[in-house]
Amino acid sequence: MANALGIILFENPSVDVAGLTAHRPMPALSFLGRYRLVDFMISNFSNSGINHIHVHVKEKPRPVYEHLGTGRHYNINSKKGKIRVLYGEVETLNKVYNTDIFSMMSNISFLEEDKNEYVIVSSSYMVYTANFEDLLHTHIGSGADISIISHSTDQAKDKFLHCDTLTLDKDKRVTGLGLNLGKVKTRTISLDTYILKKSLLLKLIKKGYQTSSLYWFNNVIRDELDHLNIRVIPHRGHVFAINSLQAYHQAHMEFLNPVLLRDLFNSNWPILTRTNDSEPTTYCDKAIVSNSIIANGCKISGTVINSVLGRGVVVEEGAVVVNSILLHQTTIGPGIHVEHVVLDKYSSIQHVKELKGSKVNPLYVTKRDSI
Amino acid sequence: MKKNNMVAMILAGGRGTRLEDLTGKIAKPAVHYGGKYRIIDFPLSNCANSGIKIVGVLTQYESVLLNSYVAQDHIWGLDTKESGVYVLPPREKSDGFGLYRGTADAITQNIDFIDSFDPETVLILSGDHIYKMDYDAMYRFHKNNRADVSIAVLEVTLKEASRFGIMNTDQHDQIVEFEEKPKQPKSNLASMGVYIFNWKLLRKTLLDDLTLEKSSHDFGKDIIPALINDGKRLFAYRFKGYWKDVGTIDSLWEANMDLLSTRNELDLSDPSWKIYTQDVNAFPQIIGESADVKNAYVNQGCVVLGQVHNSVLFTNVTIEEGAVVKDCVIMPEAVIRSGAKLERVIVGPHSEVTPQLSKVVKANEPIQLIANGGEHHG
Amino acid sequence: MANALGIILFENPSVDVAGLTAHRPMPALSFLGRYRLVDFMISNFSNSGINHIHVHVKEKPRPVYEHLGTGRHYNINSKKGKIRVLYGEVETLNKVYNTDIFSMMSNISFLEEDKNEYVIVSSSYMVYTANFEDLLHTHIGSGADISIISHSTDQAKDKFLHCDTLTLDKDKRVTGLGLNLGKVKTRTISLDTYILKKSLLLKLIKKGYQTSSLYWFNNVIRDELDHLNIRVIPHRGHVFAINSLQAYHQAHMEFLNPVLLRDLFNSNWPILTRTNDSEPTTYCDKAIVSNSIIANGCKISGTVINSVLGRGVVVEEGAVVVNSILLHQTTIGPGIHVEHVVLDKYSSIQHVKELKGSKVNPLYVTKRDSI
Amino acid sequence: MKKNNMVAMILAGGRGTRLEDLTGKIAKPAVHYGGKYRIIDFPLSNCANSGIKIVGVLTQYESVLLNSYVAQDHIWGLDTKESGVYVLPPREKSDGFGLYRGTADAITQNIDFIDSFDPETVLILSGDHIYKMDYDAMYRFHKNNRADVSIAVLEVTLKEASRFGIMNTDQHDQIVEFEEKPKQPKSNLASMGVYIFNWKLLRKTLLDDLTLEKSSHDFGKDIIPALINDGKRLFAYRFKGYWKDVGTIDSLWEANMDLLSTRNELDLSDPSWKIYTQDVNAFPQIIGESADVKNAYVNQGCVVLGQVHNSVLFTNVTIEEGAVVKDCVIMPEAVIRSGAKLERVIVGPHSEVTPQLSKVVKANEPIQLIANGGEHHG
């Protein structure tokens, strides 16, 4: 068991997955047909033996509460551990003041009462797998005050746009914190994941809150670069930053690579989620399905290529679905052709014959829409 | 303790020897069915959906897996403060270990258990039938008829009737006679082995039956006829819908194939009557570029790279590129290797089918079983 | 099983239990040492075979979510039934617009999707026990469009202040809806509990929402008195309207009557709540306890008379507690005397020697206070 | 399946015959203790608090109540996706029904169960000891010593030592000799019956032991000595704190009285190591106007109108006005009627004590039991 509290902060305002995050908070966002984004970080925590978790929610907490429940499905012993959803103990005058620092500050007693020596501060929009028990050991061994989990990429022009970038000195100490504007190919990206002592986190929250009521946690970190020993721990493996509709669509398309899938869905590192008790998926006589990820409860009579289908999706005869993401309980009517489309829950395409977005601009259809 | 309307008792002690190697290590009610379920999920989900809170499961043979499976009562939401699934294997008594000597004896040996909930009625179920049924509707039928016993019946053809226990009824569906597998059936109402008894009456009848030396302690053979003879009010409750007893490899295969039929009567997609089952870790199903999946029922965790026609694939099955699967039932965690060809075969859980094990069974021959894996916990 | 959805609305702004409701929403308010107010209505629903329940929360939903959990402890089968906490799907511009009608309107899809024919609309601040399966039968038999559960009292000068009062004609049809200002002794009080068809509720919500964005559900009912057949079903038994600090204190004091206790804590009608796994209570050598209700986990070395103690309360040697309500984890230091006091959670009296309120004005000590 | 570090197996088959009528209908680990608990809550809560996920409970005698109690794994939070409490009574085998012939045999008969979780280590526990212990700390001790077996030991007086299995150790606490109830003890380290074994080694040792005709298939008598003889690395893990074996009416009474002591070492109030137990419906305790409660440990649901001194009252006990209870243990749902007087008595669950049943036991006489109620489910 790792001696750490896991914290999942909400994302800062630069993260915006179009209509998807207007209908629900980021942790509850559907991903890969049967998951929600938060499943990945909570599975990381649970599989690492961390059973005390704080999930901060900016708005609309209901779907997060309902999805997380008692934590039973995440292997969190509900008597000994606890997933706590923290939301709105104190009201802000204006949304702009609802920063992650403010949220931690207004729930500070839960942090103070926690018995763990360390905290892992993370975010739900960064999707990756990591053993935090190992990372915690690395952190303790390094002597750093704070470790930031980092990811080196040479695709920074296309990916991780608007994510924090890190400048390092020779000793892997962080000397600068910037923003990836897509101008340089090679970057060290911050995974918005920090390992530190709880006592230090408490100090930083209070300091940040006093400094400015508009401060976010990464602002506080930047202020401390000269004062504290802040280092990186490089992360190996795939990382997806789901901070825009394009990134959301792109991540799904990348997952259609079988090698990547095998890497991520490793039976020793289960991605845990809540079951919906859906029946298996039915492929009809005329179904043509290729290179796709499909959740349970679907009925497929048409063609599905390079796509991801959520629970209970119906693709009727003659319909063609290509390079698209259909969230749960959506329907594609007979003969309809959709391409590069993201369909939000319960929406139904029955009347337009063709609906096409592009790789750079996937088309988003809103929740419960009928077109 | 608060009065529970009805305690359900599921008879789940069947050895299911006709299911061959599938039940070598597990009891029949724990056999896999329908892509993700086990057979006993059906009576248990029916109980949950009917608002029943207390379920006793009477197990007998090599039943560690079955016992630990049904003990996870949260699967069916039966883990509330005052509900539960209770596993009831035969107990050590002061006079040594007992076995259940018949369906009725299994209840008799657990009279103390039932008494402790002080129920008005007891529902007797079988652990190895596949069907969806609202026992609460049957309970209301029972109350409206001021019945002593209600027996769920299925309308079968007169030809089939000789294979069942048959209820002969009057015009109000009151049962006047019971015949076990009659050669000349007088009615087409076959008992489904689903009974509601007023507990006080059943309790007395069971204790009386215990003293009868010649009794086989069986509901159909002994208890029901005795109650009819005593002039009790027994009513036949007509059930409409899909019902299947899966006692053989062929009927297990057929029951799975029924799910592929366009007039799939069982309809497992109805959100108001879900069948609940263990939530096994699995990613969504992955259909590869080379896959050809048609007329199939596929569960999460499957990776399909080969050809799958007219088949049911259970959790975490892998069909490699170049494998051909037709008219098959492939149970959880099985792997069909590249080059293997299967037709009209059931592949058991955790089995591996290499090209050398390919098996193509002709349409008029009995379904075959390949089982070279084992069953696991959890 | 009753064919009804249970709805618990939040209280209107006239209900205010001093500091207690500033720290938590009404449903989560502690009651009788080990309960929270909402336990009573949810137990009524659950014991009546109602397993679909909507709980509307005005603000600070966390304690309600955490207390209700999956509903396991209320005997709600989590697969077949569901307790849904409804909160803030749509934001209001101003708190004053956050009426119960607005809350139902912004969660209308959950209401529309529910399969039950009837609804029972209730509130958590009205404490009573009732078999809603029977009341629903009475409602259906009466032919009324809406039944209001009512309570006749001849103590309306002291009790049920600011509650809705009902004027009836000879046939028990409701002809008027007023407010109890404590001027008349005998009154028929509305228990803020309504039985009606779901289809009618949907119409009334939409109508009320269109009429005024400041409308509450009882405003809508009042408007319909002439148009619909609205009748009362009288409730037999004890009722407590917890709508002020005085009423809260008074209700606790009344519960110290053994006859009333036996009536309410009937083993055929359990009041269900979440367990906290506290150890039993320890009475020390010098303890003097009389006519009191005590939760588990307390340590009593002093004197406790006519009082209600929550979980984990410590009364030290020489301390005297009279006519008081000590919420959980509070401490009364050695030799300290408190009388007619309501101590909020985690507060501690260590320095003042004496703390006295009165029956009419009980003294409230705020959460985590130390005096 | 993901590897679990350690599977716990609780030996809970004790008949507890010395507990007289208290165990007439229930197994010893299910006996009530401490106002609200059952004895087996202690090892189960210790497991939950130590992060153990899989617990097997080996039951034997008349254990329906025990079986159904521990099967409610949510009580200890052990109902997560990959955790569970598995009830393991003796099973029907192809060669008929078995009984557990000894502590080691109980494990041997469940090798298949343990194997299915593929654990690295197995923790063996007893179901009838009262103590709080962090098995995860013991596991770290086991790993740090690269031990094959670790045995938790208690430091007792040399006088007491002859009642225990005694570990003779070297200066590093490695065990060099084991003596069962030695007349001349060489050490004061008594085995608590808590073992961590490397599973591969234990598995092999158990199978070897099975073939030994003279073996009693007992951990203390057979398995541990055999492993020492084989030169394996066995270490004694020193436990500090409260530990009690409640095998007799007197020791059960004493253990309850320990909770009233000012130096109550067990400390059930520690929020970081709670003992979890079934949540029974009960209102808060009510202390009436006429009550006199001093030096008492009282659980919810009690109604006290009489005198209670130096006693432990369990859930939903009623002490009527005018009743006098001193130095007593009153188990759940018992009623002490007006005018009854009790001293140094244990009153069993659901019992009713009228004035006629008054019993005052002198200080030097053994504690007496009044049990005229029964045990109930749920």
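Think of it as A, B, C and D in the order they're written, each chain with its own count starting at 1.
Basically, a contact is a pair of C-beta atoms (placed from the backbone, for glycine too) under 8 Å apart; a residue touches a chain by one contact, two chains touch by 3 or more.
In this text, all values refer to a predicted model and were calculated from it rather than measured experimentally.
Interface comparison, C-D versus A-D: the higher count of C-beta contacts falls to C-D.
Set against the Cα centre of subunit B, the chain with the most distant centre is C. Spacing of subunit B relative to subunit D, judged by their CA centroids, is 38 angstrom.
Rounded to a whole number, the gap between the C-alpha centres of subunit A and subunit C is 39 angstrom. Spacing of subunit A relative to subunit D, judged by their CA centroids, is 45 angstrom.
Counting only residues that touch two or more partner chains, subunit C has 72-73, 79, 267, 270, 272, 277.
Subunit D has residues 1, 74, 79, 81-82, 274, 276, 279, 281 in contact with two or more other chains. The touching residues of subunit B, counted against subunit C in their complex, run 1-3, 48-49, 51, 53, 74, 76-83, 136, 272, 274, 276. Here subunit C touches subunit D in the complex through residues 32-34, 72-73, 258, 261, 265, 267, 270-272, 275, 277-287, 289-297, 299, 304, 308, 312, going by the rule given at the top. Here subunit C touches subunit A in the complex through residues 59-62, 65-66, 69-70, 79, 84-89, 91, 109, 277, 368, going by the rule given at the top. Put simply, subunit B touches subunit A in their complex at residues 34-36, 74, 260, 268-269, 274-277, 279, 281, 283-289, 291, 293-300, 308, 312-313. Touching subunit D in their complex are the following residues of subunit A: 1, 47, 49, 51, 71-81, 115, 267-268, 270, 272.
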